[in-house]
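One chain, subunit A, appears in both complexes that follow, with subunit B as partner in the first and subunit C in the second.
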Partner chain A sequence: MQETLQTLVGGLSLGAVYALVAMGFSLVYRTMGLVNFAHADIAMIGAYTASTFYLTVRLPFAAAMAVAIVVTGAIGLVIERVLRPLENKDFDLMLIGTIGFGIVLQALAIIIWGTTGRAVPSPLDAAPFTVLGIRVRTYDLLVMAVAALAVVGLGFFLSRTKRGAAMQAAALDHEAATAVGIDVGRSNALAFAIGAGLAALAGGLVGPMLYVDASLGGALGIKGFAAAMLGGFGSIHGAVVGGIAIGVLDSYAAGHFQGYSVLVTFLVFTVAIMIRPMGIFGERTVSRA
Partner chain B sequence: MKSRSAALVTLIAGACVLPYGLGGYTIHVVDIALIHALLAIGLGLAMGVSGQINLAQVAFFGVGAYGVAVLTTHYGYGFWAAAALAVPATVATGLLVGVPALRMQSHYLGIVTLGLALGFINWITNARITGGADGISGIPVPTLPGVDLSSEYLYYYLEVAVFALGLLFGLFVVHTSLGRRLRAMRDDSLAAGAMGAEIPYLRMTAFVLASLYGGLAGVLYGGLIRYVAPETFSIGNMFILLAMVIIGGRRSLVGCVVGAVGLTLVREWLSDFSTYAQLGYGVVVVLMVVFAPTGLAGIPARVRDLYRRRAGHHEARAELRPFTPYPPAAPATGQPVLLVAESVTKQFRGLRALDAVSLTVRAGEIRGIVGPNGSGKTTLFNVISGFYRATSGTVGFAGDDTTTARPYALSLAGMARTFQNLRLFGQLTVRENVLVALDRTRTRAIWQYAVWQPGVLARERRLRARADEVLERYGLTDFAEADPASLPYGIQRRIEIARAMAARPRLLLLDEPAAGLNGEEVRQLVRIVRSIRDTGTTVVLIEHNMGLVMSLCERITVLSGGRVIAEGTPDEVVAAPEVIEAYLGDSDLTEAGLPQPPTAEEVRRTEEAPS
Partner chain C sequence: MTRFSRPTAPRTALVGAAALAAALCACSAPGESDSDAGSDSGPIRIAIVNARSGQLSSLGDWEYKGAKLAVDEWNKKGGIDGRKIQVKSFDDQGDPTTGTNLARKIDSGNYIAMIGTAESAVTIAMAPVLKQAEIPNITSGQADALVEQKSPFLFLNGPTSTTYDTTLAKHLVEEKGYKRIAVITNNGSFGKGEHDAFTKAVKDLGVTPVTDQVVTTDQKEFSAALTRIRSAKPDVVFIGSEEVEAGLIVKQARDLGIDAPFAGAAPQGTPVFMDTAGKAAVEGTIVSSPYLGNDISPAAEKFAAAYKSAYGEDAEMHGAKAYDGANILLTALKTSKVATGRELADAIRATAYDGLLGEFRYNDDGVGITRTTIGVIRDGKLVEVK
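Presenting the complex of A and B:
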């Protein structure tokens, strides 16, 4: 029991990070029907940028994160602009195009930061404390709190602001949205920038939990992607639930299967998604594929 | 043709003498390039030809290589025996990885296959049998009597032989029955299903092909390097492989080969600047996707097109010739019931598109289905042809209960349909569109590809002869090699009917066949439909052109709001008060240009006039 709960808590913080990655995926997907395979590498760039400004420039952690979000947001805008001719046309080509961007971002990361990775110390000094016999790291709590804030903020933006509503409209029917005067191009660009910002948030937060190197994106992204699918592609709630599910599954697999955790995680994921391809909160009708 | 065979001879001769001009290291690079080329052919077959996103190709490569390594070093098999087991093992893996393709497509499939590839990498880096991160060394040299395959020069000839056979087989698949179906599935899997292509089996076939090439490449790699380690099969290398296929041109196997060989050589040439090379090919992939989605292989065709347009080059004018009626068959006697729908209901969340619709169509009938927009006509077609599953109620076709039958099963049972918004296979020529439907063999007939290729070719010749007949009959001969999307709308509609009829159906469903046609085209359509019926094929059509329906159909079913509100002969239906209300509301009959008899008469007269 104790052990199971400990696994659960360990999975929750990583799950919060996956949820952030998945939210970015989902936001871009629901707005422009684009599956951004470069998303993971954007998160990696975010992690590097945040760590550089935190460790080298010695900005406070929060400020370093803000810089990372701005930088990746700009990268998101560039990707969206380049791939815009393919929007609402060839789905598979767009997908491959974003893989191409992923390759470019990885190469850039190696050129800028080199091949050796770096460990980022936790910005919180507080020692882990124990609740009901379960060790809880304070940084994990911070990660979960930030992720929760991001969920609430994104929800507020999409449902309560004019730009958010316009984004939803463009997602449902881009032609109708154009007809009522929404600048779909700008709306998509904004979605892409926010998505990239969320990736940077995830990357920056995961820095002190994992080792930051050019391959960080691979691990983070594919699980974030799996989380988005499991929750239901395009659903923000789904992204949160899926992220936590993958995080817990991951931490459980790591505890019981050690080295084979990735294999187990993806086998379980594949079976789950075979049983319910639309995910937990997914709607067939939302899918543009 | 002559220049082509001359180029082929030069190429073969060049491949034979190539090692004589190369240094020891260069021949090694060439050997690697050939292995990549085999991998790329497999990936091209899955992604470019069949439209199945497959990001596990590198894992297939790994299963082949590790299979040989484990079997030779741990179990003491000889190289060839190990190879003979490793390739089938890879194909079995391919079948397993392909299973998700039955349930999901596109990016879903991409992420699942990528996840499974990650799982494979995770396994080989941790398992004891695979040597963990250190990998396995000491794979024995393949033995061949009289040939020392430890020489990379001689190994090159082995590789060239396997590669040439592989490419030839790949091209053979692409250009014959199986490949045509795979391409049809890629362009439009729904329409392909409606033409009798067994989509689930075809998807699995795509993965079998991809894994077969992956396994062969893996075996060759094991024999060449004689050492395997996890980093060779990383996700990064998967993306390089993807880049090869995209840059070369995913839809052309030759393009894939060019991309693979080219990128391998360039990478080797730039190996001192590998990160910049990575940056470079990432950028090239992005540019290719945006500006040249058909890759290098597509560039000649684009240049030719551009040149033609510049030069104002016009081909001999192609024209749509009149339809030649079928020789009438003896009229069916007894008129058994062919199609029955019994209280079919279809619910889409809150919307009830069909509400207890019952319909009985007898063999040899021409049945019209009319109704205002949104009355459920196309939904009914989709339920009948297996695209939707009825929420409740049953559908029967030719005496069998087909409520849950898949579209391909219905097509094989003798049902064909056209689509309201045209679903021709965009990347196939008009002839190939017809060929897809003509080909009634089941997917299981692909065993011929493995053991008796002349049988495939003989069947192909027979099919082509019959396709020419169909095209001739429908007046489409001039457009046989055309790309359907480039043709005028009326011609595309005609192709849809020709394609549906190529399947020799007992029941033909036409969804708004006259939409967008001009007067002459509508008159041709009437002749076509009558002639089709006279061959014994039953026709059910949805149509808005009331004049056409009135003159053509013997019985008419009127739908409104998902219910059948009237059924009977044209005269009965027109007189039914429910129909007038549903169709016209309070407005005047003449205003809507409706079955004021003259309209119908007119069509009938022109139709009966000899032309």
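Presenting the complex of A and C:
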């Protein structure tokens, strides 16, 4: 029992990070119908930037995170601007373009920060505490709280603000949105920037939990992508549920199947996707593909 | 209206996957087309093969710097027989398939010897090609499977996993008197080798591990395995995984309230391990290593100083191993008056070299050193246990 609960707690914190990654994937997808394959590497750049400003420049952790979000947001804008001429013309090239950007970002990270990577100490000094025999890390609680705030904030932005509503409209019908005077290009740029900011949030938060190096994106990207698929690509709520599901599933699979855990995680994932190809919250209306 | 039709989702996914695959394959460095045939004059060509990109690139970086430092020192002294030594670095990406392609490239490029790789799996994949081409190879791998290749052209620049782990097991069981030993290893080539070597070593001493947990090489979350280890109440926990993963395991174990010390081979002596886990968490970790630190001998101090001035960073074990390996090769080249093929391999076998790791005396299995020292981490520094 204790082991089951402890495994759950362990899975939840990484699940929250996967949820953030999945939200970024979904936001860009629902707005542009595009899977941004550079997303995970943007998260890696975010992790490096946050750790640099936290460890080297010695800013407070929250300020370092804010810098990282601004920097990656700018990277998101650049990627969107470069790909914009292809919008509505060649979709496959856009996809390949994002893959290319991912490779460029990895190479940049190695040039700037080297190959060795770095460990980031936890910004919270508080020792883990025990509830009913379960050890809970204070930092994990912080991660979950920040992730929850990001979910609420993004939901509010998309449903309650004019710009958010414009993004939704552009997502639903690109031409009709243009006809009523919505600047679709700007809406796409915003989606890319917010998506990149979410990636930086995920990367920055995961830094003290893991180890920051150029391959961090690979670790986050595949699980985050699976989370977005499982929840229903394009759905923000789906991304959250999918992220937590993948995190917890992974954690239990590791406990029961040991060396075969990745295999089991993705087998379960495949079966789930076969039963519900649209994912848990997926609806095809959002999709522009 | 001349709008292009949007592709359907499966096609898009397929294109994406294909592009991803293409992107992954396209990262290797362009090949060396240079092929000067004569090997009696001009520079002596040596290939250094290591992971220079991808997950294992830090390991590859250390190895390259160690070997390059030795070569630079020899060149500064005028080379061998009046000939300069020319090294070329190849990136194997830590991938055995890339490695076999590189082995062929090294053969066709007329390199007379190879230094590397740091990954046993890659070295094993390259061994048959190098054996056929009669190119001596000094590897930094330590898996026992290297010895099982029975290639007369394959040499290790350090001890094998069995040496690391039998020394460690003896210390834990006989000197420390630990009877409850927990084991956590990953299922990669290094982790599997550590698992087999260590469990065999403790069983030979009459101890069966109280729990034996296997994790994957890219796992990040170890709550399930660690909760089981905690309930087994071990005296010590043996870890068989690479630096970063070992660090994460120790960090999470301490968070879960496991107080027992950890033990392991070379990775736990590195700064990457200590930084990842945190200084307080690694206190008391027991390490089996042939190179406990840069202050173990005057030669090590000299090496560390040269390394620091060349690269601006502190030397560690992998660089030291590669430095020793390169020096052994260069010494053999000198004594054999730049022989190649089998003659050079025999010269390496005959080389008695007192290096940073200890006294190298090769026998027929390609292993030159069969001794490690036990150290313990005190205040963030690895110190020898007397």
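In the analysis below, the second predicted complex is superposed on the first by the 284 of 289 C-alpha atoms of A that agree within 3 Å, B and C clash if a C-alpha of one lies under 4 Å from a C-alpha of the other, contacts with A are read in each partner's own complex, and residues count from 1 in each chain.
Simple rule for what comes next: contacts are C-beta pairs under 8 Å (C-beta built on N, C-alpha and C of every residue); 3 or more make two chains touch, one makes a residue touch a chain.
Since the structure is predicted, the reported quantities are computational estimates derived from the model, not experimental observations.
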Subunit A as common anchor, with subunit B and subunit C clashing or fitting: clash
Touched partner set for A:F91, first subunit B, second subunit C, both or neither: both
Subunit B versus subunit C as contact partner of A:Y252, first or second or both or neither: second
Partner chain in contact with A:L108 - subunit B first, subunit C second, else both or neither: first
Partner chain(s) touched by A:F269 [first = subunit B, second = subunit C, both, neither]: first
Which of subunit B and subunit C A:V82 touches, first, second, both or neither: first
Contacts of A:G11 with subunit B and subunit C, given as first, second, both or neither: second
Contacts of A:P60 with subunit B and subunit C, given as first, second, both or neither: neither
Which of subunit B and subunit C A:G153 touches, first, second, both or neither: neither
Partner chain(s) touched by A:F225 [first = subunit B, second = subunit C, both, neither]: first
Of the stretches 117-125, 153-161, 279-287 or 333-341 belonging to subunit C, the one that collides with subunit B: 117-125
Residues of subunit A at both interfaces, subunit B in one complex, subunit C in the other: 35, 37, 90-92, 95-96, 99-100, 103, 110, 218, 258-259, 261-262, 289
Subunit A contact footprint on subunit C (complex, rising order): 3-4, 6-9, 12, 15-16, 19-20, 23, 27, 52-55, 57-58, 60-61, 186-187, 213-216, 218-225, 227-228, 231, 244, 247-248, 252, 255-257, 272, 275-278
Subunit B-facing residues of subunit A, complex: 35, 37, 82-83, 85-86, 90-97, 99-108, 110-111, 218, 222, 225-226, 229, 233, 258-267, 269-270, 273-274, 277, 289
Touching residues (chain side subunit A, partner subunit C) in the complex: 2-3, 6-7, 9-11, 13-14, 33, 35, 37, 88-92, 95-96, 99-100, 103, 110, 114-119, 121, 128, 130, 135, 137, 209-211, 213-215, 218-219, 247, 250-252, 254-256, 258-259, 261-262, 287-289
Of subunit B, residues touching subunit A in the complex: 47, 51, 53, 99-100, 103-108, 110-112, 114-116, 118-123, 125-126, 235-236, 239, 242-243, 246, 275-276, 278-279, 281-286, 288-290, 293
